[in-house]
Amino acid sequence: MYGWRAKVGVILPSLNVTMEPELYKMAPEGVTFHFTRMFLSEGTKKGLEAMQKDVEPCAELLKTAEVDLILFGCTSGSLVGGVGWDTKIIAQIEDISKTKAITTSTAVVEVLKAFNFRKLTIGTPYIDEVNQLEKKFLEDSGFDVIDIVGLGYTTGAQLHEEDAEAAYNFARKLKLDGADCIFLSCTDFHSLDAIKRLEKDIGLPVVTSNSASMWSVLKHLEIEADLGQYGKIFG
Amino acid sequence: MYGWRAKVGVILPSLNVTMEPELYKMAPEGVTFHFTRMFLSEGTKKGLEAMQKDVEPCAELLKTAEVDLILFGCTSGSLVGGVGWDTKIIAQIEDISKTKAITTSTAVVEVLKAFNFRKLTIGTPYIDEVNQLEKKFLEDSGFDVIDIVGLGYTTGAQLHEEDAEAAYNFARKLKLDGADCIFLSCTDFHSLDAIKRLEKDIGLPVVTSNSASMWSVLKHLEIEADLGQYGKIFG
Amino acid sequence: MYGWRAKVGVILPSLNVTMEPELYKMAPEGVTFHFTRMFLSEGTKKGLEAMQKDVEPCAELLKTAEVDLILFGCTSGSLVGGVGWDTKIIAQIEDISKTKAITTSTAVVEVLKAFNFRKLTIGTPYIDEVNQLEKKFLEDSGFDVIDIVGLGYTTGAQLHEEDAEAAYNFARKLKLDGADCIFLSCTDFHSLDAIKRLEKDIGLPVVTSNSASMWSVLKHLEIEADLGQYGKIFG
Amino acid sequence: MYGWRAKVGVILPSLNVTMEPELYKMAPEGVTFHFTRMFLSEGTKKGLEAMQKDVEPCAELLKTAEVDLILFGCTSGSLVGGVGWDTKIIAQIEDISKTKAITTSTAVVEVLKAFNFRKLTIGTPYIDEVNQLEKKFLEDSGFDVIDIVGLGYTTGAQLHEEDAEAAYNFARKLKLDGADCIFLSCTDFHSLDAIKRLEKDIGLPVVTSNSASMWSVLKHLEIEADLGQYGKIFG
Amino acid sequence: MYGWRAKVGVILPSLNVTMEPELYKMAPEGVTFHFTRMFLSEGTKKGLEAMQKDVEPCAELLKTAEVDLILFGCTSGSLVGGVGWDTKIIAQIEDISKTKAITTSTAVVEVLKAFNFRKLTIGTPYIDEVNQLEKKFLEDSGFDVIDIVGLGYTTGAQLHEEDAEAAYNFARKLKLDGADCIFLSCTDFHSLDAIKRLEKDIGLPVVTSNSASMWSVLKHLEIEADLGQYGKIFG
Amino acid sequence: MYGWRAKVGVILPSLNVTMEPELYKMAPEGVTFHFTRMFLSEGTKKGLEAMQKDVEPCAELLKTAEVDLILFGCTSGSLVGGVGWDTKIIAQIEDISKTKAITTSTAVVEVLKAFNFRKLTIGTPYIDEVNQLEKKFLEDSGFDVIDIVGLGYTTGAQLHEEDAEAAYNFARKLKLDGADCIFLSCTDFHSLDAIKRLEKDIGLPVVTSNSASMWSVLKHLEIEADLGQYGKIFG
Amino acid sequence: MYGWRAKVGVILPSLNVTMEPELYKMAPEGVTFHFTRMFLSEGTKKGLEAMQKDVEPCAELLKTAEVDLILFGCTSGSLVGGVGWDTKIIAQIEDISKTKAITTSTAVVEVLKAFNFRKLTIGTPYIDEVNQLEKKFLEDSGFDVIDIVGLGYTTGAQLHEEDAEAAYNFARKLKLDGADCIFLSCTDFHSLDAIKRLEKDIGLPVVTSNSASMWSVLKHLEIEADLGQYGKIFG
Amino acid sequence: MYGWRAKVGVILPSLNVTMEPELYKMAPEGVTFHFTRMFLSEGTKKGLEAMQKDVEPCAELLKTAEVDLILFGCTSGSLVGGVGWDTKIIAQIEDISKTKAITTSTAVVEVLKAFNFRKLTIGTPYIDEVNQLEKKFLEDSGFDVIDIVGLGYTTGAQLHEEDAEAAYNFARKLKLDGADCIFLSCTDFHSLDAIKRLEKDIGLPVVTSNSASMWSVLKHLEIEADLGQYGKIFG
């Protein structure tokens, strides 16, 4: 029986090709993930905002799969409207599906608070417009953003050339200045496999959008898993 | 870089919770799968036919992920309209996405012909109405259906209680009568892990909807993989 | 030489098909188990009481195997007559066989007391009639039964459909309310493989009838074994 | 679910402590064994004959376990009355239990014929009286007994001191004289682990009562298993 | 004792950062590699020709290491002057060092002839100027160059961004048209780890400059090694 | 991509055949080493001094490989001119290559100070003339040299007969007299594989020229690696 | 090079067939054992005393093998003459061979004192005559012998039937009565493989003649080894 | 029980430190080796001849160990008197011990004939005087000695510095000239670990004195073992 411990629905941007393999790579025994997509062809403020109209149809679809939890799997897409945007999305999903929901942004805030990481240095693949939205969202959520650096990408073609080695080198150049942790944002950024090596070489905890999403999924489902290779947040 | 050998888009019925874990379990190194859903809440003729209207929007979504191939991942849904229904769906997907497409039914026919399996004994989770459609589709495609037995399920709740041990016992009771192979239909039927054991104990090749789908995906992508544990069709 | 550390005789209900594979799965090197059966076709109070008349013939049989210890391997069958029923059975076996004997009920009480687990939440496959007998027996033995939930089965056919995944899901729904541990009763209930996962996800120790039986067998034989995968009682 | 491929009932002599560990050592995935005992305190003609009166009650017990096959697990006990004694036992079990049955003697004959082993050299733990019965039974069944040597044991205490190293040395001294195979008789003789080494050093196939029983069980159940380490009959 | 089977000297272009890790990855037990560099800052005809003046000083250096064989480890650098350029370099090295020498170009010719690969499709990181030199050299050596495609790189910075996944995708796009094998040229091109996958997916043998160099080194030293994972030429 | 964490250039004496295999044996994932040679045919004071004139051309060569750090890999060669000789070499390399540089002598001093090893017992393959230079350099750097013993070698032929077993036996005979650690000098001395065994049997930390060089390389690059098998300095 | 850490000579009674395999089973990397024999055909006081005349010729033989230490490998043979008998034997060996020597008895005393085991319960294969000599020797050496039990063997034929399972069962029956440890005497008693299991089940340290001999050999040679599976004395 | 398949006595020259570790390295499960020594301090003709007087006392010692076979473990010592010398030694041992005996020379002849290796190239550690004796013995036994090369050693100190890497290099320099195999003579020559590598690199079978001794021991005992890593003679 697949998903005997839990089945997790995931709503993700249509261009994303990273979240599916990363969630399945981390999936604990007896936990399965089930996906459906919102239209997104460019990672701009406008594109991200437009995704919201697909949330409810997506929730309808996942409802028929009788999943135990639904994850809105996009960082910038769940914060593009500022603080409160994520909780609005959650409410929409829960209304339709009658199932507990979370978003990646909510997950990031949750995990950073759980570990009391207050001062953040952030690396993203985003353009500056999106970085500023993320900075504001995190500052308004009570964090101190020491630095935020983006690769300036908007298209899938740009994003999907990256690999974990490049993510490592990108992250090594971030300003640390007393940071409590490094946050590598974007569920479509191939950074999961760089976490362990970065934590060893830099000495700081590293959180990515997908590791934060998984951490929050497991916390809400009350499921324990051995995911230490994906960062200190998994102990 | 995820999907460096190939990225495969998959359009699946919304209630299906089996195809995602089974494709990721079989996924060769460097091949990733990306999903989106068509609405289906009941496995009846009517429900299956209604899915067709979601094909084009789904193709739109996967187009933005720049996948190398799109799989319509539902057996009964790609044959419900009889011979030609599958090729019509393929044409729709290819028109929208400008990407090569296949369906599970097409894949099943392809693999059975490639191995010259002509006489089939078939196990399904379907109700009789759907079994008769499948029987007709396969006979019209040139196969001899010795027997077709269904579990009589229409809902996800029924389907998702099954596991590989039950599938094994179900399949052991099928009539063989000179069959060339056993075909276990339905991409939402948990039968993949029963294949190897059944082939050993019964001595006939066993094909499931998901093993056939994977076989066809790899053939079209010209990718070799060591999937012998999933049946003789992977040699 | 088989059983060079110890040979253990086991008297079990005739319909039980779980205890033999579970004891052999846990068997430490050099310890063997040897079985004989009492008639039981239905798990009702009446059926359980009737088993008692088979105890002495079974003890006669195991005596010829020169075992080092005899286990009466049935939880409800060793408590159906209330406190004292188990010690009466033990006396019968020891009289006939001249060999130290224990019962599963006695083992359960022993292990719970050894770890000072006083408040219990209990899951069983039994009908309510049997649950009430078990509740009374444990309360009269000094425990506090917070909750006891049964699946309502009496026949082998019902019991033997269950597997460890189902046992996991069943146990996750038990009321915890300050319980010291979870007790999954019945030597014919497929729950052993769910213990470790449940302990991780719920955080409480989990004891099953077969893990308790094995714990007590090893304690009486003064044999140490690495059985940590079968629960915290094996530490 | 235990025994999902098959559940096998076994009726064995009460003093036997070898068959249970040897069957569980060889048990293929998904196959379980369930035991009950006939009274036997001494391996003499008289003792062996007396076991027959326990066959029917044992079949009654195993019937409630809903096993798929019943094995009468004693070589000398299933041939003590000469050719036909085994088929009479089988008929009794099948009448009561409504389940297919076999005996060890029948299994031995079956496997030897299947491999066309006609000339036998035999080692047993028996006294001469029993050896002569076995010799006659096999000769009357169409085999040529080149030599039969016994250790002269009647009690469990004698039998159970033996181990596989002793069985190896005992078997190395048998007369070969053109034998097709070596047969080590008795389901309570610790010889299974000596098979592979003997086959390598002597160059002849080696069959034991328990390897023959397992071979026949699997053949009747149509189950394939990788048991090559237990002798050439498992290919 | 390092290099107890053989010590191999290697003269390589100064910008090359691929040959050292690839040779050490393939190095058989007891074989060591020892390096020294010729100045090269740009992969142009002029740059490649200029390397020749460093050959003799490099040979002087390796002579003191008492190596058993010297490899001039650059494909284009050993063919830039046309047929005969490689043998001239070999003569220079042997004169100075009194040690057997080979070059990568010589090695490539040797291995292709040994396996009778006559029709070649070639992928390189070079600019067209260099590709034309390579094409001519191979045609003058008796091969048929079906196609040669270059990435157009001249600097280390360009070359060293490549990895095996990119090499795989680059090679999959080469024209096959009846080719006997694929040759991926350049000892500074990260292609070694793509060989096995390419051979499986395309079905043709794949030779790289470094696999050819290693093959020739081992042949001249009469050393056998299990390097099957680096291509069919290692059988 | 080779060397994605770091690329390290190494300038080594031409006769050295030990440093290349030892650095590659220890190389952490994603770190590569790139070599070029200075002329040295005899390990005498005169020979070692003469190497200095090759430093700048070597730095020119490694500059084109765009390495992240350059190691002058010779102990005696970096101290032959007394305290300050190493820093002069470093300055030369850094001037030419615009890249951070270290020498083995500097590395040795660094690691010994980092662990506060003040009293040293030293084993070398050198002649006495060189031992005296090393002793003076280390004493002038603030260490207490309890004993220094040399094998009296000057040629590669002598050095390269040694193996780790001989190094073990040589080191076991050194005077300990309150030493804080054992230092086995020379990057061309096959001693790396003896470290762990020596540390266990003698109980003191053991540092070799190559383990010290690697330690310092990793410290300057801020790279963590699991090199505990190469001595206590890697924790 | 065999024995590069140490070569150990062993003088053993001619009938002993246990010490050679047990020492080689425990031998640390780089330590070899070399044997020669003293005549002994019966384990009686007279036989044991007579061995002494073979000590000097044996030492002559081992001298030519240039071993680093000589072990007189017999417990009773090194204590048969009471306290002082062992040191006399040591003196003889050292005089002849000019090599450090120890005996098994000396080793036993050494290890028991090192761990402060004062109260001993002893199992031996000896006849009572020899047990009394051992008891006296140990009491005169300052130990308290709580119990000493012998199997009453004098010949090799008797001794060599024993195996580790029998040794386990024999040792489980010894009186404990506040003992600090169990000592299983005799270098020809197959008890080494029973140590770990006994220590776990009984909870006391177990020392055998061969484990004590090895412990003392390694202590005198200053060699560390991971022999924890042979008892707590190896930590 | 040690040596349950067989116990093998070995009579070896007192200075030999190679045969014991090499026989124990190859020893099949259940086969043990038991040693005693003949005086030999120098490998000269005179020394080898003098060993013969120790044969009978050694046989007396091993007789008490009740071994199944006795091996005289010295090549030159069993051929020093020419053809017939070995059979005389065998007769002496068998007379005294009443046990089957072989010598290394006999074993070498046996194995070479069994594989029909007629033309030999031979490497030894011996002085020329001994080489000539060996050459004559083998020629008189019907072989063609293409070449025999010795290291010129007589003492243990010389012999025991050698290791398998040196043996490899020594053997690579032997003249092949149509040889059927390479024979590396002397049971005290560390060559066993070089066999496999030599066979791969040279392509000829390699036999050493110890591999031949083991081959012959197993043949006479009718024991099969997986010793393929020690050369082609073990298939």
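Just a few scattered comments:
As written, the chain order gives the labels A, B, C, D, E, F, G and H, with residue 1 at the start of each chain.
The rule is simple: contacts are C-beta pairs under 8 Å (C-beta built on N, C-alpha and C of every residue); 3 or more make two chains touch, one makes a residue touch a chain.
Owing to the predicted nature of the structure, the values given are computational and were not obtained by experimental measurement.
By number of C-beta pairs in contact, G-H leads over the other of G-H and C-G. Taking the mean Cα position of each chain as its centre, E sits at the greatest distance from subunit C. Chain centres here are Cα averages; for subunit C and subunit D they lie 31 Å apart.
One simple way to say how far apart two chains are is to compare their mean CA positions; for subunit D and subunit H this gives 46 Å. In subunit G, the residues touching two or more other chains are 1, 163, 165.
Looking at the complex, you find that subunit D touches subunit H at residues 165, 168-169, 197, 200-202. For subunit G in complex with subunit H, the residues that touch the partner chain are 1-3, 7, 14-18, 20-22, 24, 32-41, 60-62, 64-67, 156-157, 160-163, 190.
Across the interface of their complex, subunit B is touched by residues 1, 4-5, 29-30, 222-224 of subunit D.
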